[in-house]
Structures are given as C-alpha cells and as structure tokens.
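In the two complexes below, chain A is the common chain; its partner is chain B in one and chain C in the other.
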Partner chain A sequence: MSVASQQYRYTPGKALVLLLALPALLIPTMVLCYIFWQAAPVLNWGFLFGTADGVGFGVTEGIFSQLVGSLLLAIMACLIAIPFALGTALYYRTFATPWQQRLLNAMFNMLQGIPPIVFGLCGLVVLVNLFSWGVSLLSGAVVLAVVVLPLLVLNTLATLERIPNEYSEAGSALGLTKGAIILRLWLPRSWLQLLTGLLLAMARALSETAPIMFTATVFSGVVWPDSIFSPVTTLQTHIFYLAQEGNEPLLISIAWGSAAVLVLLVASFGLLARLLQKLGDN
Partner chain B sequence: MVVDLRHKDFPQEASAAPIESLDNQQSVVLTVEKLALSLGGKEILQQVGFSLPASGVTSVIGPSGAGKSSLLRCLNGLETGWSGSVQIDGSDIRQWRGGWDQLRRHVGLIAQKPLVFDASIRANVCFGLHGWRQRRRADELVKTSLQQAALWDEVCERLDAPATTLSVGQQQRLCIARAIAIKPKILLLDEPTASLDPRSKQLIEQSMLQLAQAIPLVCVTHDLEQAQRLKGQVIFMCDGRVIEQAASHQLFNQPQQIETREFLRWNVCDCD
Partner chain C sequence: MMLRWWLSTSALLSSLMIVLVLGFLLQSSWPLIQQQGIAFIIGDEWYPFESLYGMLPALMGTVWAVTLALLIALPCGVAAAIFCAELLPAQLRGAMRFSMELMAGVPSVVYGLLGMWVLLPLLESQLELLTGRTLLAAGLLLALMILPTIMVLSEDAIRAVRQSQREAAKSLGIGWDATLWRVLLPQAWPGIRVATLLATGRAMGETVAVMLVVGSIDRIPDPFYNFLQPAQTLTSRIGREMAEASIGSLHWAALLFCGLLLALIAMGLSFMTPRKRIAA
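Up next is the complex of A and B:
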C-alpha cells in the first residue's frame, strides 16, 4: 500500500479529530452566512451611500455617515498612534538598555491585554471631562490610538527584529549615522511589513466599540462632524444602539446591514494586510 | 639566528614592545597600546600593542579565534567597549572629531562576512557617500571603485541589477568597492579574498598593493603565502595577544617567538 493511500484511510482517531475541528470551521462560516442572509434585504447602494436625516432615531436607511465616522475615527487613531509607535520601537532598538527593553516588552504585552473598555472609561474621565474635549472625534481617536498602540509597537518591533544586526553593522562600518541607517537601511527593507501592521491596526480600530462608546459617538442628531470636537456616529455603535431597540424589524435589519458592511470593511483591511505580507515575503 | 625551543616561558610583555622591528624611516599613523576587550565576560583581546606605518600593507595572521576580527572592529569603532589607547595621527580615537561615525569613514572596514544591501549594485557602491546628489553623480567613482575591487568587468553591463543576485565572491568584492568608494585614510580588510578564485585573488592583491602606496592597509588573512606576497609587515596574533610584529621576510624566515615558529611550522598554536 502506498503512503498516499494510507494517508486517506479513515481511522477512529482521525474521525474524532475531524469532529472536534469541525465546529471551529463551521461556526464562523455559519455566522457569516447568517449575517449576510439577514442583511441581504437592506444591502443596496442607497443603504450604503444614503445618510440619515439627523432627526429619525436611526430609522433612516442610509449608513454612509456611520461608515465615514468609523473610518475617520480609525484613521485618526492610527495617525495619532504611528509616530509614538515608531518612536517607541526605534528607542527600543537603538537606545534602550536590556533592562529597559524587558520593561517595555512586558508593558506593551500587558497593555494589549487590558480590556478596551477600561481605556474608554479613562478617556471619559480625562479627555471628555477633565480636558473638556467633550464627546468628540478627538477624544475617541485618542482613546482608540491608545488601544491600537501596543499592537503597532509590537508589530514594529517584530519587523525591526527581522533586520539582522550585521545588516545595520555593515551600514555603521561605512560611517552612516543612526538616522541614515534607519532611513536608508531599515525603512526600505521593512516598510511593507510596517504597512501590514498599520492595516491590521486599522482593522482593530474599526472593530473596537467599547472605547468609543462614551468618548466619541452619539446615537443620532449628527450627520457629519463639523470639527474634531464634535461627536460622530459609527457603524459599531450604530449596531449596538439598534440592537437595543430589539423588537422593531426595520431597525434590526438595518443593524444586520450595518454589521455586514462592518465585517466586509474589517475583512478587507485584514485581507489587504495578508496580501502585503505575501508581497513582502517574496 | 638560533631560537632556543626549550625556552618555553616567554615574558608576555615582550609582545607589547615590538616597535624596533618596524622600518624606522616611515612615520607611524596608528598606534595601539594596551588594547583590551571583553565581550560577554570573556577576555578577547589583552595587552594588544602595535603600530602601523603611513603606508604599506600590514598582514595579520593567527589561528582562528585569535581575535583578529575583533581587533579590526575595535580600530574601526564598531566595538566601543575596549580599554587602552588607540591613536591615529596622534589623536585618540575616542575623542575623534565628529564621533564614531566620522571615525568609521576615516578607518574603512571590510567585514569578514560579505553583506550587500538590498539595492542595486551601483547603489551599493555609493552607499557610504553623503547626500543623494553625490550618490547620483558618482558614475566615475563607481567605475574606479569597482575596478579597484576587480569587479568592474563582471558587472559593468548590469549596474542596476540587485546586488543580492551576485555570487558570494562577487559580493565580497562589491563590499571592497563600497568601502573604497568613501576613500578611507586607513583600510582594514578582514579576509578579503577568502571566497575568491586565484585570479580574482591576484587582482585584489594588486589593488591592495596599489592602494597601500598611499594609505596603510591592514589585511587579516589565513593565507600565509598571501601575507608574504603582500610584503610589508606581519602581525602574528594568538589567543587575544599580539605575539610578534615584524617585516614579512623577517617574520617568515626568522620568527623570534616560539609561538610564531610553532604556528608557522605546524599551523597550530599552543600559547598558554
């Protein structure tokens, strides 16, 4: 009997493993199918690009302002977090003593484990009330930036870690300054991976709900934010508020529609990140 | 000259004062005194002392693990945790104007492991130049550097190809070109011809001899014949110490120290 045919023979052990592995494959697929099946009736261009009139309790079919609100918050959060993430990672690689490196590593791993709602609470106390920024785009973006910062830092660190020491040393031996090594050796070599990390951070920021609930979003009354100090509506919180309404079928189907769009958005960022990673590996 | 082979207990300090063996006519550009280096709790260099004349090749020979590469890394400032004194033209390299980066431009180092950057061949040669404008207008420099590294004929057709597509021996020569391009005043080469065929080896040696007319060259090599061909002086290192420094014909024909004799005869070293 050949090895190949042996591999395809069923044994009780194999069947058991398959049985245990199946839910992990089936359940997400089923959930996804269910979301899109429920969302199908409302999904059309009008739904995607229509806007609420600003008075109805979300009983308007458009979610465009929520979509833009989510994206705005996520983009702003990442823009705020990027310089700090790069700064921290570069500090770690260039100046930090081994002791500081251990501390930073432990800190960011721990930060990543803190439930985001805790950051939301801090944001409410400090940014919204103490700084009087109010429930606003800015407050939400800063809180979200803190949430995605560990992810960005750890990713940047992992990226820089993949640059061999000899590579930087070869630059040093030519008399390049630290800055030149970073700009001319590290950046060209790792920008694809950095971008991948950024996209993953975007996906993360888009899926966070708790931290922006008290700091950035309102249920209705806003279509477009006029400034960074005005509140926004987002897909995540839109789903949350609509789901609370519970029994109105129209609202529920709008919630499903929003959920489907959000899933697509997050998934597309994730997929794009995977694609870039593949590109970077080649 | 007769060396008493039974005389095993050489005074170690004898290795620190070998200056009299130098050509006395030549002025000295680099002086190393009592250089010591420990890495990870291990003493890698101890009491290293020697000096370089203003031109000519100085070959460094010695068994593997003797600390030859580490010594070059200290002189170029890649290793900064050493103690002792290294003076170039009378000034201490720790107080070098412009810091270590400037020192590394002054003292070029070609590492033992050739490592090219993810860029074109041309960009690799220009990598150490300051300012993108200089790097752009460096065609002439690229050509002469590659010629000196005996690589021009092989790559002149494909200067914009990625440098990583070159063979290991070609990469080694590219690293030499890259270091020559910044016009260092002292050049340290760590086994520059280790992965080269005899012909390329010969070409590189010719370039080295030519360069050595103007600047001092230090060449670590395991090829004793190469050390002889390069003339100049030879430094024999063993176990983190400079055992002997002498003109090449003298060191190979009449080694003064018993360790050197043993190394030359058996290529083994029993330094302790």
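Up next is the complex of A and C:
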C-alpha cells in the first residue's frame, strides 16, 4: 500500500481530529472575511486620508489623524526601546557573567509575561501623575517601549546567538576591541535580522490598546499633536470607543473600517518582517 | 569605556524594570493594605463607595473566563495543529501556518469590536438571554484570541517529533490513531504545555476585548458555575474604573492592587513555564 493512500484512509482518530479542527480552521478565516466585508462600504481614499473638522462624537469622514497617532506612538516607542534593547543584548553577549546571564534571562521572560495593562497602570501612576507629563504622546510612547522591550531584547539575543563564535574569536585574535567587533563583525552580519525584530516590535506596538488607553489617548478634540506633551488619537482607541458608545450604523461602520485598516497595517509589518527574514536566511 | 557604560546601564535599567513596576504598584496600593489588612483579597463584595474592596468576584471571573477559553481553544487548537502537521499536504501547510500567524497578530481591540457587535447579538438570540454580556461571551472571545498561539506552538511541537519515530511505529504495524495517542502526543506534550501556559497568560491579561463583552458586574456567579451571568475580571475592572477613581483615593489603591495581583499571577505562570531562551 502506498504511503499516500494510507495517509488518507479513514480512521476514527482522524475523524475526531478533523471534527475538532474544523472550527479552529474555519472560524478565524470567517472572522477576517467578515471584518473586510463590513469595512468595504466605508473604505476609500477619503476615509483613509480625511481628518476630523469639528469635535463631534467621532462622526468624521476620515481616520487620518488616528492613523498618524498610532504610527507616531509605535515609532516613538521603538525609538525609545532600541538603545536599551540593543545595549542589554550586547551586554549579555559581551560582559555578562553566566550568573548575570541567567538573571537577565529570567527577568525578560517574566517581563514578557506581564499583562500590558499593568504597564499602563504604572505609566499612569508614574509618568502621567508623578512626573506630570499628563496624558501625552511621551507617556504613551514610554509605556509602549516597556511593552515591546522584552520582545526586542529576546529577538536581538536570538540574532546574536546565530553568529558563529569563530567570528568573534578571530576578531579578538586580530586585536580588535569589543566595540570594533560589535561594529565591524556583528552588525554587518545581523542587521537584517535586527530590522526584522524591529518590524515585529512595531506590529506589536501598533496592536496594543490597553497600555495607551489611560496614558496617551483621547477620543476627540485633538487632530494633530503639537508637541510630545500633547495627547493623541489612535486607531486602537478610536475602534474601542466607537464599539463601546456607537449607536448609529454609521459609527459602527467607521469602527469596522478602522479595524480593517489596523489589521492591514499590522499585517503589513508582519509580512515585511517575514520577507526580510527570508532575505536574511539566504 | 563609553561602550561598557552604555551596555551596563541599559542592562541594569531594563532588568530593574520589573522590580520598578512591582515596587510602584505595591507603593501605590499600600494605603489600602495599611487600612484594611490583606483580608480583602478573599472578600466577596466590591463596593467602592462603601470602601468594600473584595477581590474574589473579579478573581473568580478571571479564572472562569480563562478556564472557559482553554476548554474551548485547547482541544480545537491541538486538533488543528495535528491536522496541519500530519494530514495536510506540505504545499498547503505553509499557507495555513501563514494565515494562523496573521490571525495571531490581529489586535485585541478588533476582537472586542467583533465580540460586541457579532457575538453578543448572536448569544442573545440563540440562548434567549436578557443580555449577551456573560462569562461565556468572554470565554468564547478569548478562545478565539488564543487559538492561533496554541495552534502554531503545538504544530511546532508535533513537527519536532522525529520522522524515525513515525516510521518505527508504522513498521511495527501500529495504526495512525495509536501512533497519535501513544507516540506523537506524549512526545509533543512538553511543547503543548508551554503553548497552554503562554495562552493562559495572554488570556488572563487581555483587557479591552474582555471589557467590552463581560458585563462588568462585580458579583460571584450564582451558582458559582453559572457562566451565563455577567461578571467582572481583574483586567476589565481596571479598564472600567481607572478613569473614575480619583488619584490617591482608596479606590485608586484598590485598582492598583488588582494590577499587582495580575502581575504576580503572570510571574507565577512564567515560573511554571520551562525556560526557553529564544522567543519566537
């Protein structure tokens, strides 16, 4: 009997697996299709690039300022997190003793498990109130930076781990300093993977709602933030408030449109990361 | 010298982060502990206006929502992983996996929108409830959210079982079903366990989606297994009430204590998770 025919022969176990797997395979696909089906009527250039004129309850034609707010927060968060993440990962590889390595590992695995809302709470207590930064772009960006920090650190570590030891050994044998090894050997070899990690962190920062809800965003009244101490509007919170308060079909369809845009945005960062990873592997 | 300074400072700061977070939470919720002791954790009444801050309703709500989500998502997710790893032709496997990773990236607020405007009306009409905002709704939504995580990680675990093991089983004349139960699943179990723990953590910490569908009523379900009643979880309570509480009040301290509780449970979970150095 050929292998293929055996693979497709009926057994009770296969029937059970298929029965249980079917909802898991179909429902997510249906969900995605449903979002885009609901969003289709409102999705057009005017929706994407229009901004709120008045300060009404979200009855605006466009979501451009929300889009910019989301991106701005995510980019700022990554910019804040990068030096720390890179520094920590490099410390781990260069100076850390085995004991410190174990400690750092435990710390970051733990940090990754902590729910984002907890960071949002801390941001509210420390940044918004104690430092009196207020509900602002800066507070939100710092909180989001902490949320993506473990992701960036662990990703950078994974990348650095893939560099063969012979490289660094040959480097030190030639009398290169640690700085030169990092700059001339490690960075050229791994910048593509580091960029991949960064894109994934961006995607993560774009999809978080809870940590910025109290620290960075308002529902309306702001079109463009005029400084880093100004609150912003974001896609995530826009969807949230519309879902919660919206009672007209128009508002809900705006929410679906924003959701579709957000999903596309996050997915495109994910896709780009995947593409770069493929490029780096070859 | 500069280099060393930069590296050690950032390492120190970022590893201190977790201590800082816990410290601030404890410090800000201290007034409550000072005034009421620690017994309010098992108190079953949460009435901020009467200074009653029992944590039990929200704790039970969290446990219930997570349990429901796992009960639904675990069998389905693992079955889907088995299906993809063992039955699906290799050409389709990549596409399936890709769409799962895509699903894993869908922001939680989108699920919230979906829950609010699709799941709730559906539950109301199908189960003839007064309100669809129930623990069941939260559980279903969370199940949908953790499904991709469970599936992707379980598939990795199943595919990591060596091909020679499958061949050995086949050459012994063991059928597909027995191979699955006796060879594949036991060997993939450690990986599936990690997937479950990670999914538990994610489900527990999920805020916005749960907040929209759980009903936010601080009451222990009656009887305690009745998941068709509105309830409250730790995260939804923080999300709902944080904006109302005035800074420095006992209510504020109690909400921060909810956050501390969440962080501590999450840390407990990550202690139980076997260390994996490289995150996916």
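The rule we apply is simple: the second predicted complex is superposed on the first by the 280 of 282 C-alpha atoms of A that agree within 3 Å, B and C clash if a C-alpha of one lies under 4 Å from a C-alpha of the other, contacts with A are read in each partner's own complex, and residues count from 1 in each chain.
Just so it is clear, a contact is a pair of C-beta atoms (placed from the backbone, for glycine too) under 8 Å apart; a residue touches a chain by one contact, two chains touch by 3 or more.
As the structure is a computational prediction, the values presented were derived from the model and not from experiment.
With chain A as the common reference, chain B sits beside chain C without any clash. In the superposed model, A:Val118 lies in contact with chain C only, and not with chain B. Once the two complexes are laid over each other on the shared chain, residue contacts for A:Pro12 go to chain C alone; chain B is not touched. In the superposition on chain A, contact of A:Ser65 is made with neither chain B nor chain C.
Of the two partner chains placed by superposition, only chain B is touched by A:Ala173; chain C is not. Touched residues of chain A, counted separately for chain B and chain C, are more numerous for C.
Between chain B and chain C the least C-alpha distance in the superposed model amounts to 14 Å.
According to the touch criterion, chain A has no shared surface contacted by chain B in one complex and chain C in the other. By the touch rule above, chain A contacts chain C in their complex via residues 6-7, 9, 11-14, 16-21, 23-25, 27-29, 31-32, 34-35, 83-88, 90-92, 94-96, 100, 103-119, 121-122, 124-126, 129, 146, 149-151, 153-155, 157-158, 161, 178-179, 182, 203, 206-210, 213-214, 236-237, 239-240, 242-244, 252, 255-256, 259, 262-263, 266-267, 270. Chain B contributes residues 76, 78, 101-105, 108-109, 111, 113, 115, 117-119, 127-128, 175, 178-179, 182 to its touches with chain A in the complex.
Of all residues in chain A, those touching chain B in their complex are 166-167, 169-177, 184-185, 188-189.
If you check the complex, the residues on chain C that touch chain A are 3-4, 6-11, 13-15, 17-18, 20-21, 24-25, 28, 73, 75-80, 82-83, 87, 96, 99-103, 105-110, 112-114, 116-118, 144, 147-148, 151, 175-177, 180-181, 201, 204-208, 212, 235, 238-239, 242-243, 247, 255-256, 259, 262-263, 266-267, 269-271, 273, 275-279.
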